[in-house]
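Two complexes are shown next, each including subunit A; its partner changes from subunit B in the first to subunit C in the second.
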Partner chain A sequence: MAPMAPMAQTTKITLPARAAGEQRTAPAGGAGAATMAVEQLSAWYGARQAIREVSLEFRPGLVTAIIGPSGCGKSTLIRCLNRLHEVVPGARVAGRVRLNGEDIYAPGVDPVLIRRRVGMVFQRPNPFPTMSIFDNVAAGLRLNGLARGYELERLVERSLQQAALWEEVKDKLRQPGTALSGGQQQRLCIARALAVEPEVLLLDEPTTALDPIATLKIEELLRQLKDDYTIVIVTHNMQQAARVSDYTAFMLAGSDRVGELVETGPTRQLFTTPRDPRTEAYITGRFG
Partner chain B sequence: MATAWTGRAGFDRALRELEDEVLVLGSMVDKAIERSMEALKRLDMPAAREIVQNDLIINEKRFQIEEQAILLIATQQPMAGDLRRIVAVLNIVTELERIGDYAAGTARIVLRHAGQPLLKPLIDLPRMADKARDMLRRSLEAFVERDAAAAKRIAAEDDEVDALYNQVYRELLTYVLSDPRTMDRATWLLWVSHNLERSADRVTNICERVVYEVSGTMEELNVSRLEEGA
Partner chain C sequence: MAGPAAVSVSTYVPAGLQRAGVGGRFQKPGPRGRRAAGYRRRRLTNALMLALVGAAALLCVGVLVAVLGYTVVQGAGALNLAFLTQTPKPVGEPGGGMANAIAGTLVLVALGCLLGLPVGIGAGVYLGEYGRTSRLATLVRFAADVLTGVPSITIGLFAYALVVLPMRHFSALAGGVALAIIMLPTVTRTTEEILHLVPESLREAGLALGVPRWKIVTWITVPSALTGITTGAMLAVARAAGETAPLLFTAFGNRFWSWDLRQPIAALPLQIFAYAISPYRDWHRQAWAGALVLVGLVLLLSILARVAGARFRPAEP
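Right after this comes the complex of A and B.
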């Protein structure tokens, strides 16, 4: 694994520089953000098909938003990206999901490893209720034996810095994670996901449960994080998708209630001059 | 599961109201051009003064429409076609207000005459005014109908106005060359001609906005063939 270069001193959060020859603690996978691609991806819950033949790419250094009305399959899609979909009994997929070109559903691939490389943040902040702030962030590292002692502390601090939470919690790391406000809890969950050094970060409606200020803080955080990760965000808030993303994909379920990809493009083009009339109708709020 | 619903009735109504207001402003400006030419023909001073006064009302109307548009942006988060419509409105009312200014400028030229007769009977100037007014009316129709093809056709007719402008210029020049004392009055008519030529140019800008609203891209429509070595 090549050592990562120290991050540039800009207005954003600065990580402590890695020493030369230092390894990423997460095994396997490429250094830095990865490209993900879905090819003709379909997914079912038992007999019911949720999405049909979706093909889409998620590139490093970018935020890709997936928008669409309730039931269009966007959450199903994102959960296929880190093999969470299969946790539901009877669930299955067809098609390919590639992480840096490799099919994550290939036989022999460890789903747990995938879920570390492709991290996820959920709609309702869910810090581990019995754990302190520190232990929450350290959980993934400890569980996988990735770090101990001083190294663990350093990584926890770095993750909290990356999540723009360090200054607010550095003096109360032993307090329970649930003692934080909603917005802080969500940033704690982001820190927890970042601790195991994922290549892709998935966010499923990450600010729906938060107040407007907390929402804007998380959006600002995503702007900072996108340089180092591939970010995919599912949101039903169109203005958020417009504010935060570089690319937007619009999904819609047809009369058969199976979700399909209608249109994808640079955000600035999709929100000013969408090509498909269904996209126009949705983003102008004329159906929902 | 996408559910078709009645849409944003309140917002749609507000957009239609905005459109109606643009047409009202267009009508005010059209009348201003008409009245300014009438006042010039008859050198009607009171009429000219009224036109200059009324220009303030045109300016007010333009700002009222702007405020309405800005309020819609702030409260309705318009996207895509709605956003382009509102942006087009903001630009179009600016052009209309400028055309109103040109009509007021012509009215001021009437006042400058202060007792002197017109240099010559008006023939080409009323032709220019009629053409500009016709283009204006049709451009606003194209705006209402979102008809980009019509907008492009109207923009091309600006060449006719430019041709008349050159004709007026050459004719006034001959007056001045044969009798330098006519310089003042020739210049005043030249300014009127310039006002009308610029009004037609502004209408072309309105046509560009109509095309923009439909296609999403700004296209230059007013590249005059006459400017090349005419």
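Right after this comes the complex of A and C.
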């Protein structure tokens, strides 16, 4: 989706008019949400460095957006948060990532347990093709032995309601997960991620592959979800970041193609009065 | 458009192409007609090569048609209900059938599946999911490829040494072991290839839910690839069903009904062999009928495998 404003030099991103209390600067935080902190994180794919010494915090009850041009390391950063980065052969990480204060890369930490607490939704909806809608949402619960029988059904219904999908699929729970539209499939993936009750929800460009209506539905969903989770969203759409997030972090790859964190701050402030000239150049559309 | 303009449009050949000789009958004749001769020779060569290649293709198909056709013609006459339901009669008595051989082939193939499919699919899963780069994986892949080329009689001898000698008995079990070894490399490689086709996004979705690796393989990846794996298994079964040499000194053959796996068992290829080298015309006809049944069985399995493989691909999410 292209930004609504034309790419003129003096034009800034138009921020949606908001009620005074709606965009938060201080965390509200549900009981289950966790704080994540990244300290001097660097990541490599083999010999090639992808990000350099990024330090950032993600607080409960808030949506934090990570924006930046293609190749700046946004996806790499978010994949380090749930230890999905290391699945790539030859990938490694330096620095610390803290979940409620504990380093998830400490020796002896089981990545599988981390991934249960930090859920992820991917760019292209990926429901399990051999499973029905119900089985898709229940997959995380069943495979981890977290619930059975009536409890399972209750949790599946709750997750689908949280993902604003229940009304649309309650009569066709046994149909295959792939029988839904793109936007519905993505909400199904969100329901699947929520079913295991994570503390943090990561979204890697969740609406890039969707049409505008589906995009708006998911953005509305995120606004409802942020009370109970810590939400981190990667997006290359600045308008979306402006609409959805409370905090924004801007990343950029230098001439050596290693991504760095340029600036971070409350969304309103970053988009109206950015401190770094590179941020201003990006959000006014001079590049990217 | 009328007149000279229309005429020139229909006979126009660009100058460059004219020099190359394209344009056929629209070509202007050259100073010694050389361009025309070159073009005609090229067309002749083209037609000749097309004819040769087409003939080779027809020969290929023709061989298949000839084998099948001859089997049908020779065997259809002796194929009747008695053939399918009776056991062989003593020498000299007319009639009788190969019912026990048909049942025996099915039993041997079932045994081969029971022994060979779990090992083959397991090895394929290892190669596809865990061993992309490890040295063990390279070794297993190499071994599977070599095993495909080992002569089936050698595999039969191996099963003889492994099963028949310790048991001091020919048996259906030994035949099953031999067929399992024959099925092994096909199933392994097909399973590995099919698992490579499963999109990475499915595994990532499973990982992101905090599901351990082995559960992702068992409950997400393999079910997605199940129809492809089944196709590979059916192809392996089709191959094993027609093997004769490995059964010669393992299953050994049997003239009677036998359901004891520790005893020799009849098999279609063995029975065909025994009848074909006999001096009795009645048995020759029955051998043809047996061959027809065997070919029909293998053909059916192969077609089913191709149809199933074409209709079901791992679905894209």
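Here is the rule we go by: the second predicted complex is superposed on the first by the 257 of 288 C-alpha atoms of A that agree within 3 Å, B and C clash if a C-alpha of one lies under 4 Å from a C-alpha of the other, contacts with A are read in each partner's own complex, and residues count from 1 in each chain.
The rule we apply is simple: a residue touches a chain if its C-beta (ideal position, glycine included) is under 8 Å from a C-beta of that chain, and two chains touch if they have at least 3 such contacts.
Given the structure is predicted, the values throughout are model-derived calculations rather than measurements.
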| item | value |
| --- | --- |
| Partner chain in contact with A:Arg257 - subunit B first, subunit C second, else both or neither | first |
| First (subunit B), second (subunit C), both or neither touched by A:Pro69 | first |
| Subunit B versus subunit C as contact partner of A:Met238, first or second or both or neither | first |
| Partner chain(s) touched by A:Ala139 [first = subunit B, second = subunit C, both, neither] | second |
| Larger contact residue set on subunit A - subunit B or subunit C | C |
| Partner chain in contact with A:Pro274 - subunit B first, subunit C second, else both or neither | first |
| Overlap of the subunit B and subunit C footprints on subunit A, listed as residue numbers | none |
| Residue numbers on subunit B that touch subunit A, as the complex places them | 1-5, 7-8, 11, 77-84, 215-217 |
| Residues on subunit A engaged by subunit B in the complex (per definition of touch) | 69-72, 238-239, 242, 252-253, 257, 271-274, 279-280, 283-288 |
| Interfacial residue positions of subunit A with respect to subunit C in the complex | 82, 84, 87, 89, 112-117, 119-122, 124-130, 139-140, 143-144, 178, 185, 189, 192-193, 196 |
| Touching residues (chain side subunit C, partner subunit A) in the complex | 132-133, 199, 201-202, 204-212, 215, 219-220, 223-224, 226, 314-317 |
